[in-house]
Amino acid sequence: MTLAHLPVLVVVVPLIAAPVTLLLRRPGAAWGIAAAACAFSFAAALLLAAEVAARGPVSYQIGSWPPPWGIEYRLDVLNAFVLVLVSGVAAVVAPYAWRSVAAELPRDQVYLFYTMYCLCVAGLLGMAATGDAFNLFVFMEIASLSSYVLIALGRDRRALLAAYQYLILGTIGATFYVIGVGLLYLMTGTLNLADMAARLPGLQTTRPVLAALAFITVGVSLKLALFPLHLWLPNAYTHAPSAVTALLAATATKVQVYVLLRFYFSVFGLQLVTETLPMPEILLALSLIAILSASLVALWQADLKRLFAYSSVAQIGYITLGISMATKEGLTAAVVHLFNHGITKAALFLLVGGIALRAGRAGFDRLRGLGHSMPLTSIGIVIAGLSLIGVPGTAGFISKWYLVLGAIETGRWWLAGFVVVTSLIAVAYVWRFVEAAYLSAPGKRTPAPGESPPVMLVPAWLAVAACVYFGFDTSFTVGTARRAAALMLGEGP
Amino acid sequence: MMAVTVLAIAVQRNLFSVVVLAGIYSFLMATVLVALDAVDVAMTEASVGAGISTVLLLGALYLCGGEEAKPLARPWLPLAVAAVITGALVYGTLGLPAFSDPSAPIHVHVVPRYLNEALRETGVQNVVTAVLASYRGYDTLGETIVVFTAGAGVIALLRRLRRRGNGEPR
Amino acid sequence: MNVALEAVSWALVWSGSAFCVIGALGLMRLRGFYPRTHAASVIDSAGAGLMLAGLMLQSGWTLVSAKLAIIGLLIFFTSPTATHALANAALARGLSPDPAGEDTPSKR
Amino acid sequence: MSVAGHFASHYSYWITFVLMVAGLYIVIARGNLMKKLIGLSIFQTSVYLLYIAPGKLIGGTAPIVAPAFKVYSNPLPHVLILTAIVVGVATLALGLAIAVRIREAYGSIEEDEILAADRDGGERV
Amino acid sequence: MRRFLVLRVVGKLLIPFMLLFALYVQFHGDFGPGGGFQAGVIGAAVIVFYALIFGLPAARRLVPDAVVESMVGLGVLLYAGVGVAGLVFGGNYLDYFVLGADPVSGQHRGIFWVEAGVAITVSGVMLKIFYMFAGRRRALEDQ
Amino acid sequence: MFAAAALALLAALGLALARAIGGPTVFDRALAANSIGTLALLMLAVIGFLTGRPEFLDLAILYGLLNVVGTVAVLKFFRFGDLGDPGEAEGGG
């Protein structure tokens, strides 16, 4: 019985966990429930991914109403992959949050933190799993509202401002998305994504559809922090509690990328996106600017969290770069990078959170000589940083590799060169950490020797290990991504 | 009926006593919605906009102080952004089916089943309720969760904290 | 429905709406806050009352009528209360009842 | 179709735009955090019209099934917009809560003052 | 608010009526406009009205914070629980067909409970938010 | 017919709205808001009859109720500033 209902249980279990945590009002119990729910979701997502891989897309009719009338959960290779990423990161971050949150939040707020955490995870999972455009909006709002709160819970008063800005921009983004969906609905009369896709041919060059494409692109881009619309992200990531930063950086923007992919390739169709409008060119240009400018800005940041936040903007640029190629290699690169960057950033922010716990915050002045006082944390950051750069043997290398392949395949050698060169900027900013941590004498603000508590270190190192593991064993990531790319390009599963 | 909306827009251009005007705006919007046959929506809009939002805004206004916003320094950028968006929308909607066109896709595709079968399938006369609670019940679950999120969020943000003092920066 | 009843009902609805317009005009034209409260009460009592009565005659002896009656009672009770409270608050906030002092919007 | 005819048949959309642009303008242009939120809710309100107006059929009636009526307006947009309204009020409430906290932390809800306060604050403790 | 004697009297008259109306909206949602959300908002508005007239502390005595806070969670649980019940009885999630003897009565039952859940959560949340906003200055002064 | 009544109400609404926008003091606005609530309520009733579905009077009742709540909230705000203030209430209220 349970197996057949897994698609919905993945989402509903964290959803139900949220009010339970609120009702219990005990930090410990709340943590336990949240962690258990996330772990359950992760297991369910893995099972689902296996099932989808073996048997093709799974459809689940909520309320037993057939799809165009009711809401359908529709899982194919792509969403199952995203589900695994989101729930996996959530399951890793949840145990980590135990100490981190206890240190950063007042005690009577802690259980609410877990309520929000569950809601955020459930919202993101719901976005990934659903096959209905409006349902996607609802879950988008669940995820965003809870993430506003999570960000605002940060210790610094700037966290409030960051959350406020995010709220304004995020709501505008969501509203744009709704406008886009509304236009689509007016043209097709349906909200089911698959049904929409089936009814769009013939309407493809009508103006509402084009406008819908534009609105959805802008709306989702706001949320995924594509270059000119990324302004909320660095502040939000910097000032949010560490566990939140790790969760959001690793999952929230990635799910939005998924939404973009879903609309571009499953609903609008390749032809409309690439041929009628100059979408690839726009995306390409924006991605290049994003990568270059954000990487350069990252170089000058005084705070490690902020540095990695800007690096996130740049890395999202790589993902959209892959999308803009709209070829099999490019899309494979995008999907793989989505996953790899997710785990890499999770690892980085988890480790930085450890530093923040010990040192108060992660400014570079407190990192001096950290290699000696917190050796495990430092080495972890270095490894994950290597993955960020894309050094062979790490997960990051794989995605960069496919990106370069894609560039060469489309005959754009300069693009391949660009990817390599910008990776060098990544080397520079990771080097800043290495320099501070290993080559400088401990300053007076460096924390006393001592690692962060194991309950934080172990999850972080799990993520680091994943970075390395997926750098060698690519059968899961690349295999799934290739199939997802094939699916998106309409070559069958 | 639509003239009311136009007037409502005029309201919105004026930004004094915004809260009271926002309440009026909600009433008018709800009336327009009734004219458009969206009774349930109008009810919700009225109760939310005129009732709850007003009270909330007033409460927040009290906490924030009601001073006026300063006049704008550079209104051109926002205007430009707004103009671009209007352009996109105008462009997009010119191709939409005309108002009240019974052959528009939204009237022929999914909806007939709701209208024709809802009573038989769910035993509920109000089709909006039937769709809301049953056909698209999951959306409504999501909606409830959104409300819940807001509630829990406000609790989390505004709870008096013993350890942190009066919300001072550390 | 017989013609006489119909006619009465129409007359009521029409005069009600006329009162509404008059009240609104007064709301617009009168100078000073306190005079305006009178105009508003024209809308609330005469306009609404007559109109609802007319509609009640239209609908006959049904649930609709009952609802209209409820609305009527509601307005009957609440709007003077609200106006009273409003005037009270205005007075308390130092708004002078003297029409001459009106055009100095000291408090907003 | 003539321009005038087109204008008439898409009247509801035009109103939507005006509301939308006004709302968006308030959000972007105003520095006061509360006003931004109100602008935001107007912006969202405009979307309601975008959805609901096309659902109306002239001669139709509200989608409550009764034997006396044959033509009903489209109920699906109503459902969607109900959800959207709820989302809107939830966002408003949260935004206000954050604004209140900002006010307590910064002593102001004017955006430029807040930014200035942060800039002057320089190094955080 | 001694000066608003009129308001108090009218308020006393009005509040029971408003509560009744909230219940009417809740249960009449199948036939006319209305439903859980609207009923919840009205229900919250009643208490808000009470608080406006008689003061927040009085309202808090009437509906204590703890009750409100548990309402917030319980409503969602009720809704989600209906969904789980669908699972337990062998249907899909939120499947009301299996809840009753025949599909239509199952639907009826499902919709009823779902709307109840919505109403509980909504009124709880709205009330809680109001308490939070209105009571904040007082709480600040108390510290 | 009803349409004429509706038009009259519309005109009244417009006038009241002008007062609400222009009104020099906040009390003027609140007053206008109250009137607009009443007018909108009547409008609803008339529209209900116009479309032949007078069941929607529920909505009008709702307007009436909310109108009071809204107005009282505004008043309380301007009278005391604090929505939760018990004012000069004595026990036994």
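Going in written order, the chains are labelled A, B, C, D, E and F, and every chain counts its residues from 1.
Heads up, the rule we're going with is that contacts are C-beta pairs under 8 Å (C-beta built on N, C-alpha and C of every residue); 3 or more make two chains touch, one makes a residue touch a chain.
The structure displayed is predicted, hence computed values, not measured ones.
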| item | value |
| --- | --- |
| Set of chains adjacent to chain A and to chain D | B, E |
| Chain pair whose interface holds the most contacting C-beta pairs | B-D |
| Relative to chain C, chain with the most remote C-alpha centre | A |
| Intercentroid distance (Cα basis), chain C paired with chain A, Å | 57 |
| Interchain centroid distance [CA atoms averaged], chain D/chain E, Å | 25 |
| Separation of chain B from chain E, taking each centre as the mean of its C-alpha atoms, in whole Å | 20 |
| Centre distance in Å when chain A and chain E are each reduced to the mean of their C-alpha atoms | 36 |
| Interface hub residues of chain D, defined as touching at least two other chains | 24, 33, 54, 61-62, 64, 66, 76-77, 80, 82-83, 86-87, 90-91, 93-94, 96-101, 105, 124 |
| Chain C: positions in contact with at least two other chains | 74, 78, 81, 85, 88, 108 |
| Two or more partner chains touched - positions in chain F | 13-14, 26, 30, 32, 51, 55-56, 58-59, 61-62, 65-69, 72-73, 82-83 |
| Interface residues, chain A side, partner chain E - complex | 1, 5, 8-9, 12, 15-16, 18-20, 22-23, 60-64 |
| Residues of chain A that touch chain D when the two form their complex | 134, 137-138, 141, 145, 148-149, 152, 156-158, 160-161, 163-164, 167-168, 171-172, 174-175, 178-179, 182, 185-186, 191, 361 |
| Chain C contact footprint on chain F (complex, rising order) | 2, 4-5, 8-9, 11-16, 18-19, 24-28, 30-32, 34-35, 38-39, 41-42, 45-46, 49, 54-55, 57-58, 60-61, 64-65, 67-68, 71-72, 75, 78-79 |
| Contact set on chain F toward chain E in their complex | 55-56, 58-59, 61-62, 65-66, 68-69, 72-73, 76, 82-90, 93 |
| In the complex with chain B, residue positions of chain F that touch it | 10, 13-14, 17, 20-21, 23, 26, 29-30, 32-33, 36-37, 40, 43-44, 47, 51, 56, 58-59, 62-63, 66-67, 69-70, 73-74, 77, 81-83 |
